[in-house]
Amino acid sequence: MAVSHEPRIVGFLCNWCSYAGADLAGTSRITYPANIRIIRVPCSGRVDPLFVVKSFQLGADGVLIAGCHPGDCHYTEGNYHTRRRFALLRPFLDYLGIDQERFRLEWVSASEGKKFSEVVADFTETLKRIGPREI
Amino acid sequence: MTKVITKEDLLSWLRQLAEKYAIIAPVTSNGVTLYKSVGSSEIDKINLNFSKTELSPKNWFFPPSETLFTIVKDELPRIIPASVDREAILFGLRPCDAKGIALIDKAFLAEPADVFYQEKRDKTTLIGLACLSPCLECFCTSVGGGPADLTHLDILLTETAEGYITQATTEKGKQLLTGAPRQEKEIIPPVLPSLNLILAEGITELMPRVFNDAYWDRVADRCIHCNICAYVCPCCYCFDIRDYVSKGKIERVRSWESCQSPGFTRLAGGYDPRPTKGAHFRQRWYHKLLYFPPIFGDIKCTGCGRCVRSCPVNIDIREIITDVQRMKV
Amino acid sequence: MKQSAYPYYPGCTLKASAKEYDISARLVCAQMGIKLEELDDWVCCGAASAHGIDRLLSIALPARELVTAQKFKAPLVTACALCFSRFKFAAYELRNEAMRNLIKYIIGEGEIQQNSDGVIHLIQLLDNNKDDIRVKKLLNGLRVACYYGCLLVRPKEVTNFDDEEEPQIMDKLIKLVEAETVDWKFKTECCGGSHMLTRPDIVIKLSHRLLYQAKQAGADCLAVACPVCHYNLDSNQKKIEANYKDNIGLPVFYFTQLVGLAMELSPKQLLLNKHFVNPMPLLQRKGLI
Amino acid sequence: MIEEIRNKAKELLETKTVDCVIGYEPATDNLTSRPVFIYEPSQVNRLIFDETCVHNLSKYLINRRYKPTGIVAKPCDTRGINLLLNEKQLRRENLFIIGVVCSGIRKVRFNQIENSMPTKCQYCSQHTPVIYDFLVGEPVTEAPTHNYSDITEIENMSPAQRKAFWSEHFDRCIRCYGCRQVCAGCYCYECFGDELDPLWVGIRIAPGENWVWNTVRAFHLSARCIACGECEHICPVNIPLMLVNRKLEKDTLHLFDFEPGIDTEIVPPFATYKKEDKLGTGE
Amino acid sequence: MARVGVFVCHCGTNIAGVVNIPEVLEAAEKMPMVVSATDNKYSCSEPGQASIREAIIENNLNRVIVAACSPRMHEITFRRALASAGLNPYLLEMANIREQCSWVHSDNKEIATNKAIEIIKMAVAKVIRHEPLYPRQVGITKRALVIGGGITGIQTALDIANAGYGVVLVEREPSIGGRMAQLDKTFPTLDCSACILTPKMVDLSQHPKIKLMTYAEVKKVTGFIGNFEVEILHKAKKVDHLKCIGCGICWQKCPEKVPSEFDLGLGKRTAIYIPFAQAVPPKPVIDLSHCRYTKYLTWVATGQEGKKPPECRICEKLCPTAAIAWDQEEQLFTEKFGTIVVATGYQTYDYSHYKEYGSRDFADVITGLQLERLMSASGPTGGEVTRLSDGSHPKTVAFVCCVGSRDQQRGRPYCSKVCCMYTAKQAIMLKEHDPEVQCYIFYIDVRAGGKDFEEFYLRAIDEAGVIYIKGRPSKIYQDGKKLIVLGEDTLMGRPVEIPVDLVVLATGMEPSAGADELARNLNISYDTYNFMVEAHPKLRPVETHTDGIFVAGACVGPRDIPECVAQGSAAAAKVAALFSQDTLTTEPLIAVVNQARCIGCLLCVTICPFKAVDYQTTQDGRLIAATNESLCKGCGLCIAACRPKAIDLRGFTNQQILDEVAGLWL
């Protein structure tokens, strides 16, 4: 294996649950790999599939969308739409050559700082395993 | 006696040339024939029996996109212009495509010349292949060309059972041919095919009179305003320029554009001087048949028939010319 | 006449104490142009005990027969309500892919298709083809209490048979042969089932209530679709009467026997003589034989 | 068949039910066909219909949003009309649809009719128009089926093979936007592909930008593509676009049990949701 | 041209202990459009804010990055700092280098420093695209609409009115009072329901600030907080209530008798009627589906087929004030309100799905609410509890709890909360009426969580001698005159079989019919059972996700009377707090439509959870989406759905997010 590769993850986090969850990971001083760059969006439903496509085009190794658990959306139903978009987009990108392991949707609540750190750690690990993306 | 080169010799000559020159030649893959760069080991991939490539060879001099220069922000900003590193041979041109290049030359090489185009043009030699089985949509003879017209080529090859007849027209061509393994043979030159003739003569005079005719709206009805005709055309040369910022550098990029694309003439502020479908559509024909000739001396069409073949809705330049001629004005 | 074939799983009881159910079912189906093709080499469905002992066994046993039946283009037909229940449960569990793989590993025979409609009960078969029932003799005047028992209808999400409390499918068949059906509230109450062997007191009490209620509702006989129900209500009836000092005297038919009678099959063909409560006096009284 | 179309077109124009009938006429190769707009009853004899009538004419309805128009439509084209109706681009009362029963057309190119069917017809089982005012031909009641063997083939490739497969095709794209221009579902006034601010797709005609364009073009047609195959048919560099579109069609059918353009009453999957959606998103 | 100032906060050692601040500052200075990059010990402290203020003025900054803690912590603080320097507060962007950097990467300072630089780089790329944004002020119509005239609605209306604001109360029945009016006694105090309710009903009808609209329904709601427009349908009463004096001659003399809805079919009413004696308003309406004159008119209109019905019109002849108004038709009025309170209450579960309990086939199986009517002194039997089959007095009574509650098979998994107590109450009352009565109560669990509830339950056992049997009965059937209840005493592990004279099913609560339709009209959420969904079950129990619309009482979930009253008052307090302001400030981070790009597919209209996107038709017939600034919550759902990118979200525009992503690779 060549020199260890530090993947770059673009994470779209909803303001109300997942971003707060990421903050909680900080407040609880839970360390996790520094490979994620967080973009705050009001709701996971704000994430246009185009953002995902652009992130990959620009060179992201992985893209994470994180939102409130189904039923807990601050806007009542945003994440249900996210789930549908994701369900179609993920296999589609995989089909077009972006390994599906590079694209994740996770439900992280404001109280799940631990879960957030685990998600980032696991995602980073996965991306290291599958190696750098040829662009 | 005529100088000929056998197919085997031709290929080995090309293999040899490929060491020094970049060879651009027709290659077929996935059912699509395109001019592609072939290395010396790939010479066998060259398709010598193609009828006409899907895209014209203009791509070599005027690629779909090219970086004109790059600005790097190190300590001080630096401009790095694009350049061509070695000489090239554009092999397997049909005479009509050679004419296409000549027509683009008129626009790009007129003073002040486009340096990016000129550099590539100067460093390229054109080797043509006479067209012995033209396609049904071809009409080069109607616009002053011909299947074995060598006017715009450096070298023309004409296939016979004995091998390829070689003719060099320019110094560059003659120079290159000296290295070719040729034999002297008694050859009966092949009979050149005859093509359907339409009379494009006088069309430039007719065009101004029908400018406001409803005809353009009616034909435009079925036009879907894709850019296919312009992108397959060997002599369309409109482009757009944009700057890109990424990864610490700025690039100035030139890309193809077409008069048929939706925002083509839209001005800043949103005003479009060609607001209707018909006016939008009409531009292509007026540029080719009316605006270009008085400046550059020829109508902007080589008769290659690519637009006729590729148009999704059968907008046929031959039909347009005859329709205009038939119109009572 | 159309000819259609269905894979058929009679089960152990229909080969023994409920022979008349098997025979009458085959006769009625033959009259309707339906061929019941008994599965080759069938084994126990696991009823009564397997699901209490080993969950996998209770699925694997019916699954084996389901795989055998797959080669037919028609659903597997069962007559015994216990078998029906076991097959339906197995089909229900086999919706899960992991379970399918596990069972496939256990039985080691062929691919298991996912098809919860792959099993039907004989009543459903007759109901689906009721246009083919050619009634020659109307059973006018016979007042029948249709008794479905517990296993056909429950649990609904598994058997998907009919309403759990007020099923109608057998009533429709009985009405088709112009017999009267009584409206009673005990169509799906428990008869005591296999507890006859261990706690006869319970069975006698429950079965008595059924017979008593049927009689209260004005029935002069019962129609059943389960050999265990039949056993509890018919062969035990004397014991029940003795226990409760009650005179009941309600013949218990398999619904196939009543349909068979309407097709002018003879009581002998239909093995009516096998019943403990002799139905002949009733049939004679009603002028049906 | 042709006579029926001509007579109906004539009647529609004479009674001024519509002021234009969009149909097919012979192309200049005297072999294939092309779209034609008939405005005068006297012109109806130009209309034809045969196995070369590949174009999806519903695309043209967008330009005639508010004008009463008659249109000759194959089953796949009628799905396009349904899509546009569902997306409130057309008004039903402005349309007169001459539906034509179709069991598949031929693969055509200018000057050339092949003996095979185009991809779209190979996998199509919709032989009767889904919406029409006047039907030419006997309706076929065969239940539509679905076959995605071509897609499964690509899905079964290794990720590296798949990546190579699509690079090979997309790298060839010259971004003529013909696929967009011909598509009945593409009718934005300004396409995201033309937008400058933000610049979603750079003008550079190069692999990265081509990938974004082709990905997002298809995704904007997810649960909307009505499988008329026009994009693939006209692509000047033969990119197998139906393989892209049909992947989304397959997944949409599988995930949401939805087929675009079949029924205008069904709410498309991205306009709604179900709380109990599972969709394999790891719950 | 943007002039960006970057302020990096040490947060004591929270950030500076991990992140190399000088290195960050050096990198930040080189970022595009950055004019100054400075650090602060504590940016959020007063001196820290002051230095930001000074730097803004000194360097003429027009965009500000504060690289510090989470924006969820101090975004508002720093927006204020910008405002105090005369800059639009929305030109701020925070770079979260504490919670999402220094605190989680304390193990590697170099990596943390690099990440902090990148986070700032992304923030700079985004802030360049920031635009000044301005909150908007909208006026308030200080008038509330209360939907539902049960105890909750009555309480709400009275409290709002007493705070000095106008109220309209809409009730679809001819009288207010609701379910509570049907009850005999209330648990656990056993005070008379009517005695405590009717004074409130009268108060309400006489309150100068309250306009009562009975026999009326809410049909359509548009607008937003402070400015709702509501269409109210006034059904045709056929009686002019301005003339009517409520003397009662008409309903005493009307010859047509029909089952009374109020008495749940146990008693009769006339075709012109008030639902019950203490009805408010005490004026009748004519039930057209039963009125003889109406039947006559229909007979005339449909061609006089069949037997001629009597022409009747007795009420009209006898009315001393000529108040009968045959020409009165239903009318639709539009009224404006600032807020809406939904208090539509509940109805009892229809147990016809319980076939094992006879699905209404047995005359002597009744519901708890029917028993209330039988026990009520003003009820159809004058307070005598008798069997419907033979009029005898039942001596043994079985109660079955959880009918339509805690039953997953019937799709009613929830507990209806009040049944345990009301069965206990009814058992106690039956014993009081007739000491010979023996009651049995079949229960799953006795839930007596409430003030004095447990004591009340014990009283039923100790004083009324009620026998509690733990287990849901499996069957009820008729055996002669008796009803047999079959079940299992699960504590004993034995089957039980109890012959009784009367069975009372404690049917559970479910939302009133039409609650879902109303919720859709109001655009508030409702759950699978059609109960309204509150904004937060604990912290915002009477609010909804639609600002300005409140919910109270049993329409949200099973509630007893004191809870309903408390919720009614809570909703009233919310309304009063809102009305105490003169204008509302709306958040500017909302979706806006670029009409030139909009293709009018209206996907956004369908998808918006807040009905904040509507559409307009242009002169040339195009449909175009338009957002309502007051309704939009800024979730951005519509934006991600919009193919032509015709909608954008202020503060999170496509350009901003895209540049933020691209900032990583700048």
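Read from first to last, the chains carry the letters A, B, C, D and E; within each, the first residue is number 1.
As a convention for this text, a contact is a pair of C-beta atoms (placed from the backbone, for glycine too) under 8 Å apart; a residue touches a chain by one contact, two chains touch by 3 or more.
Predicted, not measured: the structure shown is a model, and the values here were computed from it.
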item: Required steps from subunit B to subunit E (each step between touching chains, minimum); value: 1
item: Chains in simultaneous contact with subunit A and subunit D; value: E
item: Centroid-based (C-alpha) most distant chain relative to subunit A; value: C
item: Per Cα centroids, the chain farthest from subunit D; value: C
item: Distance from the mean Cα position of subunit D to that of subunit B, given in whole angstrom; value: 31
item: Euclidean distance of C-alpha centroids - subunit A vs subunit E, Å; value: 35
item: Centroid spacing, where centroids are CA-atom means, of subunit D and subunit E in whole angstrom; value: 46
item: Centre-of-Cα separation between subunit E and subunit C, whole angstrom; value: 51
item: Interface hub residues of subunit A, defined as touching at least two other chains; value: 49-50, 54, 58, 77, 81, 85
item: Junction residues of subunit D - those touching two or more other chains; value: 190-192, 200, 270
item: Each pair of chains that touches, named by its two labels; value: A-D, A-E, B-D, B-E, C-E, D-E
item: Residue numbers on subunit D that touch subunit E, as the complex places them; value: 65-66, 87-89, 187-192, 195, 197-198, 200, 220, 267, 270-272
item: Subunit B-facing residues of subunit E, complex; value: 596, 662, 665-666
item: Residues of subunit E touching subunit C in the complex; value: 355-356, 358, 475, 477, 479
item: Complex contact set, residues of subunit D against subunit B; value: 27-29, 32, 34-37, 55, 59-60, 63, 109-111, 168-169, 172, 174-178, 180-182, 190-191, 194, 202-206, 230, 233-234, 236-238
item: Parts of subunit A lying in touch with subunit D, wherever the complex brings them together; value: 49-50, 53-54, 57, 70-71, 77, 80-81, 83-89, 91-97, 99, 105-107, 134-135
